[in-house]
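Everything on this sheet refers to the single structure shown next.
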Amino acid sequence: MSHSKTFLIISRRPPYGSSHARDALDTALTTAVFEQPVAMLFQGDGVLQLLKGQEPAAVRQKNLGATLSALPMYDIENLYACADALAQRGLTQDDLILPVQPLDRAGIAALIRNHDVVLNF
Amino acid sequence: MSHSKTFLIISRRPPYGSSHARDALDTALTTAVFEQPVAMLFQGDGVLQLLKGQEPAAVRQKNLGATLSALPMYDIENLYACADALAQRGLTQDDLILPVQPLDRAGIAALIRNHDVVLNF
Amino acid sequence: MNFSLLVYAAPHSRQAAETAYRFAVAALAQGHGIHRVFFYGDGVHNGSALASPPQDECDLPARWQALAKEHELDLVVCIAAAVRRGVLDANEARRYEKPGHNLREGFELSGLGQLAEAAIHSDRLITFGA
Amino acid sequence: MNFSLLVYAAPHSRQAAETAYRFAVAALAQGHGIHRVFFYGDGVHNGSALASPPQDECDLPARWQALAKEHELDLVVCIAAAVRRGVLDANEARRYEKPGHNLREGFELSGLGQLAEAAIHSDRLITFGA
Amino acid sequence: MTLHTLNRPPSDRALLDDCIAALVADDTLLLLEDGVYCALAGLELPAGVRCVALAADVAARGIGDRLATGIEVVDDIGFVELCCHHSRVASWF
Amino acid sequence: MTLHTLNRPPSDRALLDDCIAALVADDTLLLLEDGVYCALAGLELPAGVRCVALAADVAARGIGDRLATGIEVVDDIGFVELCCHHSRVASWF
């Protein structure tokens, strides 16, 4: 398709404290609905969005983790996380709500280079 | 006066990138007009507000440094800066638009303890 | 005890506005007084009459308004911060020759001096910032 | 070259909105096209019809509007982000039964799909964030 | 006696450092919003400083089982009580 | 070839680190808004990465005489040209 581009959404903020994480997710879902290939990279505090056991009812917000776990159903299957960010926070795959591919620095640089559009949140 | 309190305004953000620095300054000036004793502490990136030679016309903002240099005229004479923040950025008194008293960690902790109201920006 | 609150964050964008609201509810439930809630910076958007969040999301402007009505709270929006950001009452709309106004009933626009006054006349001032 | 801009910051609160505007002016001056400016998150406040900054401050909503008129720019405000934050056009005001609307002439509310479409059909998408 | 509130994650190292530097004995540090992530690692606080985290924020972020030892959890009522029991509140954000 | 923009000061160390980690040869790093303060200290960038700072922001903050060596200053026109000469723009904020 001439009118197709590959999108990379980089989500760097923790959930709930600000609307960045929700906006990144909504952008990814909308872009997928437009049938564009979408990858998501969780970096920095963004990996905290992936933690199991979120219960945000007490802060009157929707469960971001629950929406994230539905990403594969929207054909967003290329999910990456910064390996350093996970390690710094002592997180392993068992702590996360869905499988993500850990990437090192070189892997992240290559990921950016391999996408047409990069959107940071 | 029974209805008097001492105010400490802590200004931690650099100028121009956000409205925090301007809001801290407006709060200090207004509080002084209410004839309350006001001290200001510049901490972290907030010390960058004090740099000489600011020319914000090109970003369509008012000169924050010029307003800051007028603080003593509003009887805001207790101006402090975090000594570590100045040193980390290689700044000395000669680089600054007006004289400020450098404070170490213990000095900052004492400053907070000695004021009735602490407002962070 | 008599509290005042400084709300320096907008609803939706930052959680701090919701935290401030919960604090106000908890303080009132314990029998404390709230001298004033002062909305400054992006916090002025708490006073929007037009905010229309989805039904399953928290409508903070409406909640502040209801809480103020129940407890006769003084909800003051910084006038200088508000007019810059497009939050106007009828007076300011006239002054700036704008076609409408959007400050919610129960809130009032006033000067930054009301923050200083609140700090002076309250036992504690608590900032909810962003 | 054909640019699209994503503006994710409100005027006054963050400098990024002003940077985006300057970028648009510079790009147009060089003869480039601007396919769309998409306002998302707190950026929706760039579309306020009521913002009334002091005369010696930059009135970004008015400047965007004038630039759009001169160059026939497509200024799209994310509808979901806008209605939450109290930026409504006449249609949304009716839908939510609000007494007024405050989206500035020259801007239009539309879905997040317009961001994806802009990215697809522009040579470059540049984000101005906060 | 000052109550300090902190609402930013530990990746905002400059803010956390300045906040910790301002703490003295009998102060309390209340972690709230994204600040509760500071409770994941142990914080090096001066002697006599209490550290608490806001319950709603701990639950929202799914970190109830991960808090460092010595960090208490308080609810909104506890937040109000802390404000009463300290002479001033400084908010770090 | 990616143009990276960064608009936060170096005290946001986590952001700066992630941004620098993403740079590869032939990329350009454009410092703007509060990001121009990153030009005060020398940044350790990978070989073949150009670093520029936006003129209006440098002037606004009074740091024109303090930029580390090797950092070029570009105006708004230069910013637009950089966008043209790179295949994508990634914004770090």
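To keep things simple, chains are lettered A, B, C, D, E and F as they appear, and every chain counts its residues starting from 1.
Simple rule for what comes next: a residue touches a chain if its C-beta (ideal position, glycine included) is under 8 Å from a C-beta of that chain, and two chains touch if they have at least 3 such contacts.
Here is each chain with its UniProt name: A, B = Sulfurtransferase TusC; C, D = Sulfurtransferase TusD; E, F = Sulfurtransferase complex subunit TusB.
Not measured: the values here are computed from a predicted model.
Trainee: Mind listing the chains that sit against subunit B and also against subunit F?
Mentor: Common neighbours, subunit B/subunit F: D, E.
Trainee: Taking a step as a move to a touching chain, how many steps at least join subunit D to subunit E?
Mentor: 2
Trainee: Looking at the contacts, which chains touch subunit A and subunit D alike?
Mentor: Output, common partners of subunit A and subunit D: C, F.
Trainee: What's the chain with its C-alpha centre farthest out from subunit F?
Mentor: In terms of C-alpha centroids, the chain at the greatest distance from subunit F is C.
Trainee: Taking each chain's centre as the mean of its C-alpha atoms, which one ends up farthest from the centre of subunit E?
Mentor: D
Trainee: Please report how many Å separate the Cα centroid of subunit A from that of subunit B, as a whole number.
Mentor: Centre separation, subunit A to subunit B: 39 Å.
Trainee: Can you compute the centre-to-centre distance for subunit C and subunit E, using the mean CA position of each chain? Integer Å is fine.
Mentor: Roughly 25 Å, centre to centre.
Trainee: From the mean C-alpha coordinate of subunit E to that of subunit F, what's the distance rounded to whole Å?
Mentor: 35
Trainee: Please list all residues of subunit F that touch 2 or more other chains.
Mentor: Only 7, 11, 14, 33-34, 56, 88-89, 91, 93 qualify.
Trainee: Provide the list of subunit B residues touching at least two other chains, using ranges where the numbers run on.
Mentor: 16-19, 44-45, 59, 61, 117, 120
Trainee: Two or more other chains touching the same residue: where does that happen in subunit C?
Mentor: Residues 8, 12-13, 15, 19, 41, 57, 125, 127, 129-130 of subunit C touch two or more partner chains.
Trainee: Pull out all the chain pairs that touch, please.
Mentor: Taking the chains two at a time, the touching pairs are A-C, A-D, A-E, A-F, B-C, B-D, B-E, B-F, C-D, C-E, D-F, E-F.
Trainee: Sort out for me which residues of subunit F touch subunit A in the complex.
Mentor: Against subunit A, the touching part of subunit F is residues 2, 14-15, 18, 21-24, 87-93.
Trainee: Can you name the residues of subunit D that touch subunit F in the complex?
Mentor: Its residues touching subunit F are 1, 3, 8, 15-16, 19, 22-23, 25-27, 29-30, 32, 124-130.
Trainee: Which residues of subunit D touch subunit B once you look at their complex with the stated criterion?
Mentor: Contact set of subunit D toward subunit B: 12-15, 18-19, 56-58, 130.
Trainee: For the complex, give me every residue of subunit A touching subunit E.
Mentor: 14-18, 44-45, 48, 51-56, 58-59, 61, 65, 89-90
Trainee: Spell out the part of subunit D that touches subunit A in their complex, as residue ranges.
Mentor: Contacts found on subunit D: 6, 8, 40-41, 80-81, 111-113, 115-117, 119-121, 125, 127, 129.
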